[in-house]
Structure formats: structure tokens, C-alpha cells
Amino acid sequence: MIIIMKPNASQEAIDRVTQVIQDNDLQVHLSRGHEVTIIGVVGDKTRLKGKNLEIADGVDKIVAVTESYKLANKKFHPEQSVIQVGNTSIGPGSLTIMAGPCAVESREQMMETAFAVKKAGASFLRGGAYKPRTSPYSFQGLEETGLQYMKEAREATGLNVICEVTSEHAIERAVRYVDMLQIGARNMQNFELLKEAGKSGLPVLLKRGLSATIDEWLNAAEYIMSEGNEHVVLCERGIRTYETSTRNTLDISAVPVLRSRTHLPVILDPSHATGVRAYVAPLAKAAIAAGADGLMIEVHPDPAHALSDGPQSLTFDQFEDLTAQLRPYSSLAGRSFS
Amino acid sequence: MIIIMKPNASQEAIDRVTQVIQDNDLQVHLSRGHEVTIIGVVGDKTRLKGKNLEIADGVDKIVAVTESYKLANKKFHPEQSVIQVGNTSIGPGSLTIMAGPCAVESREQMMETAFAVKKAGASFLRGGAYKPRTSPYSFQGLEETGLQYMKEAREATGLNVICEVTSEHAIERAVRYVDMLQIGARNMQNFELLKEAGKSGLPVLLKRGLSATIDEWLNAAEYIMSEGNEHVVLCERGIRTYETSTRNTLDISAVPVLRSRTHLPVILDPSHATGVRAYVAPLAKAAIAAGADGLMIEVHPDPAHALSDGPQSLTFDQFEDLTAQLRPYSSLAGRSFS
Amino acid sequence: MIIIMKPNASQEAIDRVTQVIQDNDLQVHLSRGHEVTIIGVVGDKTRLKGKNLEIADGVDKIVAVTESYKLANKKFHPEQSVIQVGNTSIGPGSLTIMAGPCAVESREQMMETAFAVKKAGASFLRGGAYKPRTSPYSFQGLEETGLQYMKEAREATGLNVICEVTSEHAIERAVRYVDMLQIGARNMQNFELLKEAGKSGLPVLLKRGLSATIDEWLNAAEYIMSEGNEHVVLCERGIRTYETSTRNTLDISAVPVLRSRTHLPVILDPSHATGVRAYVAPLAKAAIAAGADGLMIEVHPDPAHALSDGPQSLTFDQFEDLTAQLRPYSSLAGRSFS
Amino acid sequence: MIIIMKPNASQEAIDRVTQVIQDNDLQVHLSRGHEVTIIGVVGDKTRLKGKNLEIADGVDKIVAVTESYKLANKKFHPEQSVIQVGNTSIGPGSLTIMAGPCAVESREQMMETAFAVKKAGASFLRGGAYKPRTSPYSFQGLEETGLQYMKEAREATGLNVICEVTSEHAIERAVRYVDMLQIGARNMQNFELLKEAGKSGLPVLLKRGLSATIDEWLNAAEYIMSEGNEHVVLCERGIRTYETSTRNTLDISAVPVLRSRTHLPVILDPSHATGVRAYVAPLAKAAIAAGADGLMIEVHPDPAHALSDGPQSLTFDQFEDLTAQLRPYSSLAGRSFS
């Protein structure tokens, strides 16, 4: 931690700050520049919690030197993690495809979709049984009935199933039916939900919040991991910017940035990122080329009648065509479909 | 609802779209331009849910004409609402000041603060007993003990008390102790929490999400109201932008925009918006001048030792000085401290 | 300047960095933490230009301690500046109102508007003779003829006149007709234009770029000032964010932030910030309450027929009504109309 | 053009609006919904310029149906354009690589770099002779001497050369030395410069503004094209968002979005987008996979001593290694290095 003093900070002010640091058994390194004085703090800086040195007289600003996330941090766990879900390994060497409809609508829809996406190369069936919708008057999901359909599709096909959870109650239900929990963008900083997901023991796919920084996202992962559950996969799904041509702006740079900061796998969701079916294929290829460990893609037996997110869903034929196009990119990136 | 067809849309495509509309007992108004054809839909457009006309052949885009929120909508409730909390009226003619520390830390802190902010003109004591923190290793709040301290401060001073709730569990606890619930920015689209807050029957202060549009915010209010609880107050607390000089960017235009769209009261939180103590006074004045119904301001007996958000908190003296400065602005705006 | 080394930086890497610093006659202050080593650099850091220490082995990041703008910096010029234009003083104690149409359209329009805004309290007539328009097919301005009309209006009323310049050529023309140049948002980082405006010797109103940080804005002011022209006034006119309810998002916090960083006056433009006439009055009051030195407001004799920006323009009556409302806010802020 | 009336618009208001439309020889299509009335306008809507119907009584909003750019619009020019520069074709089937230092520093630097990037597969040498820098105290470029060095490097290697121009004066100079002009992000809406670049007749690389929407960008291209110069190539270089892990956020979705709206080629600049050398390779691969027609990449003989942008520059070896990695992605995308 580095404390930068104001140009006009008095000696008294500098002394007072260094006193606080030393009183908390930390070491001080003082640099006096010709314009400003800088105070380096050496030792466990959590001892300064609640001291609020930012507002002490003469202090200009404080710069943190180390990240607040530890378990998710590559510095303390340099090797890439592999997250095992059923017989699927998410991580280096594999390209994991999660596909399915935005919302679970019926048993037939899930069963049909499961067979279709499996045939095309997916290893996960996705589907929303609890839908966070902007308006209370939009379709809110089939809830436990939807989970039941997912489980049946899983038993019939051997696919892993993943479902978004939006409350403690939903987690309690979901653990009985699914292989992996999903925390959606709107709940990325619903810390109570993160803790419950951590306690569940199930692997968790953590989507990035609409306007979350990468560091906030890794801190959200830390919430799950600090409950003893290290099976976390990150999912970039577009961030909110001023540009309205796409529903969100896919931050593809997040892939190499995360690689440099965390050992957790990262997958991309081009369907939610763009909201436009025609943009899914080019961005899915780009995701693989950028180094992603997998993709989440919306597929629907009949997008023209989907209850939610139809415009961005692929038909079965389009999805099969897509995975065929993706295979050579995956090989080139040294990954095989898992 | 207006459907704009692509320039090259075939007659067949236009016919198919109009057929879907008519099959759902809605009326069609067709405008053929020299470049494009436009299809107006007249009637209850919820009948088209799940038809996904956006992806029908030949459709370019669909423009909504009416808002999805109804109970919060000024069009259907043109008079400004007054939200009554205890003996305080939030709304036209009043300027409601909510003040207190970011986090409840001790009985003494709350009691001392309550007397100080009451004396200076506040009608609400704020305080966080459940703290949503970016890192799991930061202080998380005193929980029920904190609520107990708030209740004691309320009994001693007659102030209303308001506390953020972050889970169904927290709501269950909070209803026993506080006068008003607060939903924080990170939970603005935690729809399960919104519904529970709606069911609680207590008045709710709904903070704007970090990157929520004004329409998403009003839809979040609609979630609470659609549970039968119309006692909602909106709180602008800064949005996330590229500018880093302030913690967030206070969107002061939200005040007149909300006035034109909703009958619900709106208050501003300059403390969280800026994160800098010196900016609180100018922005508090600006908020009143822009037409806000109230202010939420962080006050702490000893900001230099606050466990959370010290740099933006005012001391008791600073707060008293601030309210003295605000009174003439409040009078000019036709409001009296409530 | 502070150099933060990576946790695993070798002694060799640390030595190499300190060597570069010392080779350039700067002093090194080394702080060895238990996780990282920090190297403080003392002395004139411009000597390190082109050394690119950011990419030296073992370097994690570099933190600047001082701002790159000097002439605009409050640290080296603590007193608020007053910019004199004709008989008008822009700065402490004054509230300067600049009003007029977005675009100069005709002699009658300018003359009529000049008398109307003068009567209502403005001291500047604004008007665009060179219009930067998103589409090449939109009206581009009357150019020198427009400047001529402005000058005539100035002679008839005694108002100061201000006009946006968009090229070196426009500056050459404008200096013959107007009292103050305006650099628009789209040209805030058109550095050649800034230098020319600096050389012109005329006072300059520098609008903030659409997505410029406050520090970039102050550096743009520095471009003008470093040509020997210190007569710069800053104008906040809204920044680009994800919110679409207003054309831009007025960053009202910029007023107190600028106060803490620069001695230059700052005015606000609520017309361009919102693009909506009904929002101009509440935001103009807010601007004064926040401490602004003035306002720029669009006024048009017949907004329903304006060639540009009609929807946000006020009629003469509306403007007169507005200034009447603003006077008590101005008094309260300790300012008189200038 | 569609005019949406307010729910309470009077018949008189509706009549007045339709009258204005008909008075301008346009046709009206009226749709009366149960909540609102919608007025479709059929015909050449430029006739309504300056009528400002947005603020007519009873009007809620106006929705544009067609884009304002025509020459750049795919609707009127459905085939992908190929831009020929010397013996290089930018467009379908080709992958054009432009490489070189951010700033021209010396004859040796340019000559050495030219040979190195040519050997690795580039067909363009880039280099900045006129540098737009945030601070007036940063290195501003070698100007005409720099152009001279570029021309010498071009003659020695046969590479095309491209240089950013920042003023009319710079264009006058550059046309004598270079094959293609570059308009930088900060000048994307410097409309005078765009017009001059159009008049120059040289092919133009138009970088996207820091916070320009895709439609604003295409309108900027239209400025160049409307001067009779249709040789425009677009370059995505990252947009400004709240995320600070990368210098800008590369909007890779811009590639498929542009493909659907314009016939102009698009290239990506991963160096400026991220500002971090380690992120260049993954994003360059992603750009090709997403369908880009080329790449602009910073290469420097000695990045540790570059006068500008060292941290994101590749060494010659790194660049050669990169192009070797890119070739199979290029083949997979059906493109050959040009």
C-alpha cells in the first residue's frame, strides 16, 4: 500500500500518518520527492481496516498494490484450473459447449433440444427455469417443473445440465436436478446468493455483471470460493456501453486479461452479448481464437415462438452448422470438444 | 407497437407478419413508404408475447410505443405521490433528509449519530446492518444486532430508521426493527428480493443500479408495486461511467426525467455518488435545485475510524453546517424540511 | 513516480530498473514489502521519457504522482481566475449567461435574439456559424456570413458574441467578428485547432469532449494555455454514457472536481447536455447551486422552425421566465448576473 | 419516418402535424391505437428539415426508419468493396497487415522496421509523423521529416506507407509521401479534416472515435465519400468504457455489425485497443476469426526505448512469431496475406 501525500502536506501530517501505521505494527518506507512525499506501507495491510487514512490531513490518495482476491488469484495458484463436471473437463485442451434455450418451456422442447445439441457436439444442456426479467409482467420461468424437465433430458442423453439460480430457494431446488449452477449477470454482486452457491458444493458458472470490472468479477468468484467451493467457471456475456448496435458489448479482451490474473476457466456467451443471431457465429469463432475454454450458445427448436430471447437463438440446423464451423478453430487452438 | 420491414421485404413476408397479428385479434395499419413498409399494431400487444416477430422474415426492427411499467407510470397516475413514513411525508413540499453512517458499528455510534442528525434537521436515521461488499474479506455488517441498535436509536429520538436489506432473511429480520427498507444498487435487479420487499408492506427506498437505465429502474419499482406495495421512493446514487474522478457519476438529469415519467418521489445520495466528502455539499444543493424530494447523506461520529466509506462521510459539525446551507435552497424550491 | 514491481521480480530486474533511474540523474527510494518491492523515483521524471519502464522485466505498473497539466493546475495557481471578455468578468462573484440559437440562420434571427436575451439578463450572444454535424447532408452553417450577422447584433446590443470554430480557417475569420472562440466537444482533442486557438489571443470557451476525462480536458486547456493564451473557460455539456433518456449525461460533479484541480472558470450547458427543453430549467438551477460560474443556453425566436437543435431551444418568453427563476439561486450562491 | 403522438394528444394537434407533412408534399399514414396515434410519413423526409416536429404539440417522439449515410450503406451497394492501394487489395479474400511504430523517430528505425515487417508478411508500413498527444508536453512527432523517412522506407522495400494526418496542413504534406492517409480516433468527427481527406483523393483509413457509435462512424465515412473519394477503410481500435484493465475495450462485434451495414472493409488494431503487448496476439487471432479484413499492429525495433506507446509494441521477433501464428487462422477464414 502506498500513501501519496499532498504537495503541501505538513511534517506534522506526515508524522501523524506514519504514527498510525507504526501503531499497527506495520513498517514505513518514506520517499521525499521534490514535489510530494510518498509513504510505503510494508506488512499485512488489513490491520489498517477502518483507519481511513484517505481522509487523514495531508493525504492525497492511496494506491493498492495487491489484489483483494486470493483464492482466485493466479499469483498464488499459477496453474490453469480444470473444473470437472460429470465426465466433462472445463479448462486447457478442451472446448466446452453449453447450448439450449434461454427459458425452459416444455418437456418436449428440452428433450428435443438435448438430443439436437448433443449430436452437434455440446456437452452441456442449458435452460432457464428461474428467469430474471426486466418487467414483472414478462414470463418468469417454470421453476421446479422446468428443473424436472432438465433432469429428464439429462437422463435421456447423458448431457450435463446447467440452470440459472436467482434465490436461495432456487438453489435448494436446483441442487436436486442439475450438475452446475449459473449465477446471472444481474446477480453477480448478490453476495448472499454467491455465498449460498458456494455452500451448495456444486460447480458454479459465474456470469460477469452488466457493468462489473474484471476485478469485481474476480472478487465475486472469491465469495463463492471462500465458502470452500473452488469449482468456479467465469462467463463473459457482454458489458453495458454507449453502443446500441448490439444488446451488450462483448469484451473479448477479458479472455487474455483473465488468463493473466486468474487460474479459473473462462467461457463466452455470444448469444446474450449481441442479441442478434447473425452475430453469434463470427463471435463464437473469435472467442475460440482468443483462447476461451468454451461457449454458451442459445439454441431453440423454434426460435420464432420462443417465450424469451428468440431473436438471438439458433435453430438446430444453424447450431449444427455452427459447431461444424467451430471445430477447425478449436483444433487450431489446441482444444478438442469436451 | 410498430414493425419496420426491411427495404427488400417481399409481399409474402409482409402478409405473413400481418397474418400473425390478425390471428391474435389485433388490428393492422399498413404504411407503404417508397423505401420501406411499416406495420402498426393496434390493440393489447401482450397477445404477441412469444411470437418473436423480430426474427420473422423481412422484419427489420420493432419499436415499442408504450412503457412496460404501469403502476409506476405517470401517464396512469398523473399526480405526484406522497409516501408517508411515520410522521414524515416524502414528496411535494417536503425535503426529507436521511442521514447516518454507511455501516452500523456500535450502539453508541448509532445513538450519538441519531441525536446529532436529528438536531441538524434529518428525519431519518440510515445505517447498514447488512453490507454488500466487493470483497468477501471486508466487514460484512452487524446484522440483527445492528438492527437492534437502530431501533433503540429510533425509540430514543423519534427518527424513522432505514436499513438496506440484501436477502429474504434480512427482510424478515428488518421488518421487526425499521420503518423503511432500502434495496441497494447491486440488488436493483435481484427480482426475488424486490418481490419480497413488495410483500413486506414496508415502504421501500429503491436505489438505482450501477448501470441501470431509468426505464429498468422504473420496471424494478414495478416489481415491488405489483406485489401490492405502492410505497416506493427512488434514490439516484450515481451511475458507472468512464470518468474516475468521482466514484460514480451523479446523473442529476434523472430528477427531471423521472418527474416526467413517474409519480414516485426521488431523492439523491451525493455521498455514494462521489465518494468524496468535499463534493457532498455542492451536489446536495444542486439536487434540491433540480427538484429532488430529499437527500441521503453519510454522517459518522468519527469518519477517520469508520469501518466503511469513511472518506465520504461528514462529521456532525460538517453535517450541521451543511443542513444550514441547504435550508435556503430548500425554501427557494418551495420545500420545508420534513 | 512510483514503480511497483511484480511479486516474483528478481533482484536483477530490480537492479536494472534502479540503474536506469540513476543513469538519468534521478534518485531512487526502495521499499521492500513482504509481497512486492516498490521503487519511488525522486526528481524531474520527464528525463525518463522514452525509457518505457512499464515493459522492463519485473515491472508490474507505474503510478503517476503529479498531473501533466501545469498552467491549468490549481496547485501552482491557487486563486480562482477571472476571465475578462469585454466588460464581462467570468469567475467568482459573477454568473455569466451565454444565450442564443444553436445555428445562425439569418440577420433577423440574430438581431431579434440578441435583444431578447440581453433584456433577460444574458451578457453573451451565442450562435454557430460553422456547424459540426454528424451527417454531411445536414445543414453546415452560414460561415462568414453568419459571423457578420453576429457582429451586427453585437454592435446593436453591446453583448459579447461567441462562436464555435472548427478549423484554422474558421479561426482566421472568427477573430475579426467575435469576442470569444468556442471549441466544441468533437474537437476537444483536435490539438492543431487548440494550438491555433491559443495563438489567436482571443478568450476560448473549451467544451468537454463527449467521453473526455476531466484530466484530458485540463490537458486540452493546457494546449491553449501553453501557446501563451491563459484566457480559457471550461464548459461541461454532458458526457456519453449508456443512458439514453437524455442526449448526454450532465456530469454536474465536474463542477466541484474542477474547483479542486484548476483555477479556470467553469460554465454548464444544460441545453446540449439533455437535448430536451423541459429539462433545461431544473438543470440550470442545479448548475448554479453546484457552483458554476455561468450557463450556456439555447434560445431561438421560433424553435419549431430552427434548422438545428430545435427540441432543446427555449422561446424568448421561456428564456425570460428562466432567468427570472435563476436570479434568486444566483444570489444565494453569492453571484450577480454579469 | 414515424411520428408517435402522446396518449393525450388532441385531434387538433394531430391535424396540425399532418398538415405540416402534407404541406411539404409528403404522404401521411395514420394509425390510431387504443392508447396512441402514430403518423407514418411517406416520401423524401429531407423536406421536413427544420420543421422540428419533435417539439410540436402532442408529439411524443420520432423514429427514423432509414440511415442518414447513403454511399457507405450496404443497402445501396450490396457487394463488399475492395480498396486498392498500390498492389495491395484490402477486402474479401485478403488479410492486410499494417505494421510499424506508433511514432516515426529516425531514418534507421523506419528502414529497419520496414524490412522486418515486410519479411514477416506485412504489406503496409505504419508510422506517426504527426502525433495527437493528450499533453502538450509529450513528443509531438517529426512532421515532414518523418514523412520523408517513411517514403525512403517505402522506396527501399516496396511496402505501402500510411501515416496519420491531424490537420489540413499535414494532409498537404502527406499526399507527397504516403499511399494512404489515416484519420485517428480523436479526429473522427473533425469534419473539416474529413472533407480535406476526401478531397485529397488518397485512400483513407478511418479509425473509430473513442466513443463513436457505429452509425456516427459510418456518417464520418460518408463525409469523406461525399467528396468523391470512395476509398475508405474502417479501423476499430477500441472504445471507451468503464473497464480499466485494458486501455480501451475492443468492440469485436463491430466486425459483423459493419458487415451487415456497409460494404467498406474493416480492419482491427489490437495494439491501441489494449495497450498491452501480451494481449495483441490473442486479439489479432480473434479479429481474423470474426471476419476482419486486416490488422494494424505496433512494431518497434526497441520497444523499451520507444518515444511513444512502447508497452504495447512488439519486437521484430515477436511480430514474426505473431504472423506465423496468424497464417493458419487467415487460411481458415479464407484469406491470404496481401
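Labels A, B, C and D are assigned to the chains in the order they are written; within every chain, residues are numbered from 1.
The definition used in the following text is that a residue touches a chain if its C-beta (ideal position, glycine included) is under 8 Å from a C-beta of that chain, and two chains touch if they have at least 3 such contacts.
All values reported here derive from a predicted model rather than from experimental measurement.
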item	value
Partner chains shared by chain C and chain D (touch criterion as defined above)	A, B
Maximum centroid distance from chain B, chain identifier (CA atoms)	D
Selected interface, A-C versus B-C, where C-beta contact pairs are more numerous	B-C
Intercentroid distance (Cα basis), chain B paired with chain A, Å	26
Intercentroid distance (Cα basis), chain C paired with chain A, Å	39
Whole-Å gap separating chain B and chain C, where each centre is the average of the chain's CA atoms	31
Junction residues of chain D - those touching two or more other chains	211, 240-242, 244
Residues of chain D that touch chain C when the two form their complex	46, 49-52, 54-56, 68-69, 132-139, 166-170, 186-187, 189-193, 195, 209-211, 216, 219, 222-223, 226, 240, 277, 303-307, 310-311
Residues on chain C engaged by chain B in the complex (per definition of touch)	211, 213-215, 239, 241-246, 249-257, 260, 273-274, 278-279, 282-283, 285-291, 328-329, 332
Complex interface listing, chain B residues touching chain D	2, 4, 7, 29-36, 38, 40-44, 63, 65-66, 75, 211, 240-242, 244
